[in-house]
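One structure coming up, written as structure tokens, with questions to follow.
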């Protein structure tokens, strides 16, 4: 989904995070409102980065942000209030100024697949301009 | 994005809705949090349907819901707090049990393009099962 | 709700803003999730300030923020998806470094009272520290 | 905060839950948007009820809902993205058709107090009408 110099990570590493559906996340259909799955992808991404040894909060303090540039999702089945959710986050591509993550959201106790999603993110500096990842961040994403 | 019996509407009709960015919609990057653009797409879709002569609230009361089955978005530029936003919603496909909408989100005063998005929705009954649109709803989507 | 040097505005001025309930704002009880009424209070407050001749966005760009220090609300009746909502915002107190707003949220077409709320806000500088309102902002709040 | 037949629980029992601040919960002030603390209170309340042996999801399936009737909060200090948060939920009053919960939200690692809040909730049936708690739910709230 990006055009800059390519480094494809293989084999694909992943990270899991689990949490319960909040009441605030439901809508009047009685299920989770669809955009909340994408908030959960960010929870998965944040936890993935922390598991690699740097918090995204630290990245931002170091002047590097990740801005979502593209997003796609397929909604297979609905999550409900109080369900225990698992988000599996996989780093699919890491380039000099962008990364792509894939997400599989399942119901933790049954393994039922709820949503699959992908986000492309670009590296931006504190003024919002695209910039190359600094070496420490690049090392983080390239480790497999 | 769907496989059921096809009716493609042409020429593509659209509907515009405008509103201001809320403070609650921003994040610590100083811009709108990315999933909120997708909430705005639903605002656009709701208003599109109302402009066709039926409210989505009435559709639900008549036992027909629209569940998002697929979604994609590209983020071109960021909206900021208090910006006046325009969402242009276009009905791109209408089939017997699904519809596809496209959205262009712009800054209303400058016309700057912020986000382009597409959602596929399927018709579900009050138990959440896919069902064909009843004639009144089908007429709504097929009118061009 | 605050202790600093006192200026009580009288008679109480107010400002109305109207908008429709979004689907994302409902929960599985079939009504608006309760914290969203408080987001609407902020919409009312923002519009009140704009009606006084300065946008809150401009206030922030001038280095002055308003941070909610206290909040209370009573929930009388529930708003539903697609209802047209009216938020009446009243400036109840204006002091050297704080303001208090009252809100009455009604269903616009029937006038039914849904929620009454009050927020106290303190003036903070760009580092988050309490600070006195500059003269231009103070003039804004004291005008009756 | 309620007027029905009174049962005050003593000594006050409480329950703690911890989680991290999500990026989506921040706003452009660089801190958590104020209404999100009230969503966290609901997370605390849900977990409190589960720790008593019944999930709130089960309560709703049994036809009993809890609707927030009053809410108040004081904001002492701001939570930031990625902070580990602790919500201590205390059941302060339990009556025949209402309950009151108190919340203390702290930064988990330092114990710094961020927000104190209180919510009164009334028991409603599946049509939204106030109703007395059934014995199983009443037993849940009265156990000390």
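The letters A, B, C and D name the chains in turn, as written, and every chain counts its residues from 1.
Following the convention adopted for this analysis, a residue touches a chain if its C-beta (ideal position, glycine included) is under 8 Å from a C-beta of that chain, and two chains touch if they have at least 3 such contacts.
Keep in mind it's a predicted model, so treat the numbers as computed, not measured.
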Have a look at A-D versus B-D and report the one with more C-beta pairs in contact. A-D
As a test of understanding: of all chains, whose mean C-alpha position lies farthest from that of chain A? C
If you average the CA atoms of chain C and of chain D, how many Å lie between those two points? 24
Rounded Å distance between chain B and chain D, as computed from the means of their C-alpha atoms: 34
Let me have the rounded angstrom distance from the C-alpha centre of chain A over to the C-alpha centre of chain D, please. 29
Junction residues of chain A - those touching two or more other chains: 23-24, 28-29, 31, 35, 39, 60, 81
Provide the residue numbers of chain C that touch chain D in the complex, in ascending order. 28-29, 31, 34-36, 38-39, 60, 65, 67-75, 78, 128
Residue set of chain B touching chain C in the complex reads 19-20, 22-24, 39, 42-43, 46, 55-57, 60, 80-82
Along chain A, where are the residues that touch chain C in the complex? 23-24, 26-31, 33, 35, 81
